[in-house]
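What follows is a set of structures for review.
The two complexes that follow have chain A in common; it is paired with chain B in the first and with chain C in the second.
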Partner chain A sequence: MPATAAVAPPPTAPEQLAARLSSGDSDESLLPTLREIKNQIIGNRTKKLLYLRLRAVPKIVALLSSSSSPSPVIIQAAAAVGSFACGVEEGVRAVLDAGAVPHLTVLLSHPDAKVVDSAARSLRIIFQSKLAPKYDFLLEENKTFLLSLLNSTNENITELAASIVAHSCEKPTEQTSLCDAGVVQKLVSLLGGSSNQRDTSLDAISAIVKNNPEVATKFVSISNGKAFNSLMGLMQDRYPRTRLLACVCLISIEQAFPVYFQEMQIKTKLILILLDLIEEAGRVGDEAPFVLKGLIGESEELHRQALSVTAAERLCGYLRKGKAVLEARRLEGILLVLAELGSKLEQSRAQLIELQVPSLIIDLLKHDCAQVRVAACHVIKNISRSLKHLCAGRFGSESIVMPLVQLLCDSSTSVQTAALDAICNVAVNLTTKKSVLLQSGGVSILCQLARSMHSEVRLKSVRALRNLMFLLDRKDKDLILTELTVSTLTILISDPDPLVQEQALALAGNFVDGSGVSTKFIFSEDISIIDAVSRQLKGECSPGMCIQGMFFLANMAAENESQKDAVMDCILPTSLDLSISHPNSFLVTFLQSKERLLRLSTLWCLINLVNPDQRNSFRVSALQGAGIISQLKTMVNDPCLDCKLRVRMVLERCLENRE
Partner chain B sequence: MPVRVVETTSPSHSSGQDLSSAQPSPPSCSLLCAGRSFCGTQNVSSLQKDEAWKVNVRIQGCDIEHGFLCGTMEALNVPLADTPVVTFWEGEIVDAKNHTFFTGKWEATPEDDIRHWSKFPSFTPLLSQIEDDGGKSLDLSNYPYIFMRWKEQYFVNVGADCGLTIAGFYYVCFSCTDGSISGFYYDPNSSPFQKLELKCMNAKPGGFSFSSYELV
Partner chain C sequence: MVFLFSIFARTHEASLRHCHCQISTRKFITRDEWERKLKEVKIRKEDMNRLIMNFLVTEGYVDAAEKFRLESGTEPDIDLATITDRMAVKMAVQSGNVQDAIEKINDLNPEILDTNPELYFHLQQQKLIELIRTGKIEEALEFAQDELAPRGEENPAFLEEIEKTVALLAFDDVKNSPYGGLLDMSQRMKTASEVNAAILTSQSHEKDPKLPSLLKMLIWAQNQLDEKAVYPRINDLSTAKLEDSAV
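Then we have the complex of A and B:
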């Protein structure tokens, strides 16, 4: 006869369950409550947060330390604590605030093995979080305790010990201390254990050897190189996560002890394995490109090697196949590797351009995830370092410039600054075509950003304007300065940030380069660019600023009589200088500088001032009076050939003038 | 060739404006920098006729440390073309570090190299030191001439089927004193020793001016 099917009871409301925890009981009557809470929260962020609001965590943690709690209750309570801490930052915080770690640590010595297991698993979950406390390995008792955990026959406990090392070991003193205590050997022995033991051990070894040549050297010597060979073997493990962690570990050793890795073979293998791992599902595939970026780093040799094993083609292939569906993290990683490949070598940039990378990634400039947009900007910035392709106008098209201009108004500051960097390079328009930036409204936005409260944004936007101004037509230069305003430029020349000042001076120099400079921009009644430059040059400024300031004056002095006179007024000592016994021009100091370019830029200014024309004799006398000619005579054998030739040019012109 | 660029977090260095003065320098000159223009002629005479094209050259980029520079060359009054013909070229600076006097490519043998370099009077004092190894141990940092090879890469404003060739390259000698340039075109399939003669141009009436950019 058919019978009515048994119906599972509806889940108890969290409020009721939380209330039961407050009953004050700690006996087995709480077991069903704890089990149900645990089952409700596993993999359920919403429920975890709800129970956190109901303040369930302190009550559950209290059960861990209650002497009257029977083992089954402790086991469930520990499991629930671990689950709260798994993948939810607020959960980790709540668990830590409730003091779970010391209680769980005590339970590692419990006579009931199941209690020990449960406590160990929960602690391992907690120590996977960045919020977990750092374990102080320099305390002898802590080190002893750690070693006792590593010596345990309980797999959960040894994994916990490795997790603690992976999470907490940072300083060289800690690394050395653990190494001297034999922790590395213990971890190496775990490489032959279960998959979890191997993975946590790999993590821990990476933490101990990272950036520590001494420890890395000791590692590779363990058992005459057998430990190292084990790592090499794990690169081919059947589990993707283990392969990834083995790569991370080997890279840590390579970076700490590069001599051991002189053969390219191992590095090539690492590159190939990481390229394969990018195709893996889940976190392994998401993290693999970041590991690859860390490997090839800033090494031209590794960039070349990566190119030779078709890394660029494969990465582009991943983008072509699945950029619409790839996780943001993975996309970001792939883009950062491409950016890294384009950062140094012209051959890499050429290859990336041939693979149509700019077109491939344009739509990623509009991706929802800010980090992806940033990474896409980095790719364009690095590839556009190619002068050859800048000259060919490869980066000046609307399809590249317009999305970048739009990113200048992005809600994320990091995206804005990344876009500014990319625009800075593409603004260098070396073609004869008019720059798209001039037509796109980009100039307006750059000028606004040049007034930003953030010095980094000001710096990058002024640099972009400077680059845009390079060799531009007079008409377009005037348009830019009209948009920026003379007032803003003079303010930028006196910016609190010296780097901004330097870029503003270079921008001014580019503006006055070329013929037909309108005096309305240089000399106005209230604000004068030349006065602003003069103030900077006479104050305390960096060599970089002085160089740009002198090139500005040199360019001014190349224009006409009135501008030469203005430059003379700027460089000659004022009555104030004379009254405080500074009879010489500041140019004398510049000519005495150890900075070759500062001497050179000053010399060019002088060459232009004594360029043969009407008022030359007056200028030569004035320069003589300011101590400049005397200084020049001491420089006829300047160690820099360029300077020596310019000194002779000035003196010859002065002599011609006298004759 | 790599281009020297700066990371955004570090102090600025500009193309053609090298702030470093601590290391022994490669050959450099402030008249050989991005933005600088030169004009003159290229003698393209053959046995059939005398002909010279007016030529304008502009330096677009200069990376002294890597011995690299690049720019454009504009040839005017080219018979086969309705407009001036512009090409983009890349240059190698002979600095004994990145490049020697021996070309090692572009169908130029060491004998061709010496034959062409010897056309420059300024090369004569160096000849004995380069015959063996192209001058790998030469210190040219204080020599008042800079030697380069310029190789045109592509046509900027006309098609490759315009009837002109850019198969060869130029041996170039630059005078640090006044920025003048002389060069000889080498192409086994063209008339030999076509001479390029350029003077440094000022964009302004009253002297030399400078423009710069900075790649990040």
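Then we have the complex of A and C:
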């Protein structure tokens, strides 16, 4: 305790202490006050917020720059400033707004070593925050200053320098500039220092190397690969945090310079180490799954490799044991890794289903944290793409469907969209037993969401309805369209978003089933779905939309006479078209398309139209007049076998009709 | 000490050499043979000195470390001055002067308590325990409300511990209450140990001495060898006496 003779002990009430700061003193008499404030706030978020509200920060920062402040006062003030910035966002803001950074930077050259230490520490804490100012590395004087910090013998200062690099180095120009100035070399030498220096240095190296092949190449050649070997060694360091940071660093290098990592060995090691780290306590274990996801993401090869080292079993085992107590962040991470594993390979999905992943994560669909709910939906979405299990109706059970349907009404939009994605895939259930989904009340929610303001929500809900509608019983199809209403469907067919239009057309196509009974919905009052479809097809529409539109018309044409007539009316050129001298039907353009599916869907429509019955010769002549038959004749050797077959079918039937 | 390490090295060697033998028959090694083999193993004195120094430094025996340095010429891997600071903090906790300990830690390194919420909580919990121990019930209640309750709000994981500690206030005979164990010296020692470890970590020093790990390895190696051979064992680590095993 500093000797403060003849001064009464300071009060402990924050209000009184904060008031003392305003006394205008900056000498030793302020020391007990500062010390008391510092000791109250360190580790204590509640007290920090209190002092922030009492506007203590600007007064304390002012003491840093006052020339009359003696060293002990500066030391305490700097420590207090650092503490305010530690882990409290408002604290960082207050400290930055009060202009602490330039003052602390000046103090780095103070003659008193303790002052330098205190300032360096606090600056380092500030630079660990996302809110810290961006350091401009491209300015020569800044680079020189940074290098001088890196050359210091003071551990706090070198750590500060590394922190600045880790926080601010982003652009390729900055990375290259720092690399050329020898910063990477300096950081590599810090790898041999104390564990704190090593950790901050690893962070900094990751930042410099990230997405920069040039710098990554330079790194691996430092000291003939010795630097790279040190990194490999640090992957197995005794401290989990160091191991994790080393993994992150290696992954940055691998992604910038993949050729160096062609052999699987290192990547396999990384996977195994990260799987181990996921079981570590604290933030290391929370962040490790995200790092693992970043490593294996998008690569089938790495997915296979991860599966071969029992990644799925380990993650499931870990979830099974501890999901009740795991931190939300860690749960989210593990789920995202499982979702990633199920995203590409059928073998992965099969394995995850065998491991009972769906039932394992059902209760996580109700987790308090929205991100966990989203991640759980992603898992179901990806795993339910397994064809083998979809056919078996594995995903139609109540235990999965009900929680998903509930999430459609979640307060968070990201959860809603994730649940929609999952339901979309679950609704593809290729058996016709979709009863659970139909009875769950999900249909009315989906229809409501189809009227949402957000185009993404509309898109996904219409897609889900489309999938649900496929191969359903007549009465169930009618129920869905009654719920959705024909007018909504018509509006969706003309939605401002082309993707929504495409799904709506597909939904309409799935609704028509060729039994002739869907008529009452297609022509109700003055709303005509077929008119809406017709408008779209004749306008500017994407190939995807045209394909769906043609499938709709093809299905219509499979129904009855009046349907066929309606389709004919749609596809034949109207008087308007004739006047602009376009005697050909738009079908001709479709038949000329490079898109195989568009040709095919158009051909199916034609096949259904010329199906042998009474009025066919009439229709054939009409088609002839619209240029369709001539177009078909040029397609007898279409490169696509399916199309070739259908072309010949149409032409044969047309010929039959002639006879 | 040499003896112990020789045993460890020997046991490990024996494990490796005899790993091909059948499970049902264990090789029998006589005491003479064993002792002869032990003599062959070489351990460097410098290594042992460093182990001892590491133990003294990590546990905080400053004077002993200083003396040992002078007598053996072994350099400590940490600045002895920092040990003094660390020991002052540890002593403060062990004597129940928690506020003093907190102030000393903050002088040493203001980041420690900011980055170790569990430690900070345990120190405040200890402070409350000390207030209850000295019968300052009013002050204890106020402290619990002003300082401990916010910790529970900031971090729900602490709520259970807070409840246990505050429950002490409900009893007249605190020592014999359900959570009376919190008043034991062992609780102070636990907190003191936590503080010691946190300071060591912040100084980039390992928080555990190497010696206990080596002894654990010895026990493990002997257990492994037990499956393959019958040999003179060390059953009491403190004496390191070789005892014949029953066949």
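Note that in this section the second predicted complex is superposed on the first by the 642 of 659 C-alpha atoms of A that agree within 3 Å, B and C clash if a C-alpha of one lies under 4 Å from a C-alpha of the other, contacts with A are read in each partner's own complex, and residues count from 1 in each chain.
Criterion: a contact is a pair of C-beta atoms (placed from the backbone, for glycine too) under 8 Å apart; a residue touches a chain by one contact, two chains touch by 3 or more.
Just so you know, these numbers come straight off a predicted model, no measurement behind them.
Participant: After aligning the two structures on chain A, examine chain B and chain C and state clash or fit.
Facilitator: Chain B/chain C on chain A - fit side by side.
Participant: Between chain B (first) and chain C (second), which, if any, makes contact with A:Ala558: first, second, both or neither?
Facilitator: A:Ala558: touches chain B, not chain C.
Participant: With both structures superposed on the shared chain, find the angle between the C-alpha centres of chain B and chain C as seen from the C-alpha centre of chain A, to the nearest 10 degrees.
Facilitator: 110
Participant: Which chain, chain B or chain C, ends up touching more residues of chain A in the combined arrangement?
Facilitator: So, of the two partners, B touches more residues of chain A.
Participant: Tell me the contact category for A:Ser195 with respect to chain B and chain C: first, second, both or neither.
Facilitator: Once the two structures are laid over each other on A, A:Ser195 reaches chain C alone.
Participant: Contacts for A:Arg45 in the overlay, against chain B (first) and chain C (second): which applies, first, second, both or neither?
Facilitator: Touch status of A:Arg45: second partner only.
Participant: Using the superposition on chain A described above, determine whether A:Cys86 touches chain B (first), chain C (second), both, or neither.
Facilitator: second
Participant: Regarding the shared-chain residue A:Leu471, is it in contact with chain B (first), chain C (second), both, or neither?
Facilitator: first
Participant: Which partner chains sit in contact with A:Arg121 here, chain B, chain C, both or neither? Use first/second/both/neither.
Facilitator: A:Arg121 sits against chain C, while chain B stays out of touch.
Participant: Who does A:Lys460 touch here: chain B (first), chain C (second), both, or neither?
Facilitator: first
Participant: What is the minimum C-alpha distance, in Å, between chain B and chain C after the two complexes are superposed on chain A?
Facilitator: Superposed on chain A, the two chains' closest C-alpha atoms are separated by 37 Å.
Participant: Is there a shared patch on chain A that both chain B and chain C touch, and which residues make it up?
Facilitator: Touching chain B in the first complex and chain C in the second, no residue of chain A appears in both lists.
Participant: Touching chain C in the complex: which residues of chain A?
Facilitator: 1, 35, 38-39, 42-46, 79, 82-83, 86-87, 118, 121, 125, 194-197, 238
Participant: Along chain C, where are the residues that touch chain A in the complex?
Facilitator: Of all residues in chain C, those touching chain A are 102-103, 106, 110-111, 113-117, 120, 147, 150, 153-154, 202, 204, 206.
Participant: So in the complex, the part of chain B that touches chain A is made up of which residues?
Facilitator: Going by the criterion above, the answer is residues 1-3, 5, 8, 11-12, 14, 17-19, 21, 25, 28-30, 34-35, 60-61, 70, 72, 86, 88, 90, 141-144, 153-154, 156-157, 176-177, 202-216.
Participant: Can you list the chain A residues touching chain B in their complex?
Facilitator: Touching chain B from chain A are residues 300, 344-346, 381, 384-388, 390-392, 421, 424-425, 428, 430-432, 460, 463, 466-467, 469-471, 499, 502-503, 506, 509-510, 512-515, 543-544, 547, 551, 554-555, 557-561, 563-564, 594-597, 600-601, 604, 607-608, 611, 613, 640-642, 645-646.
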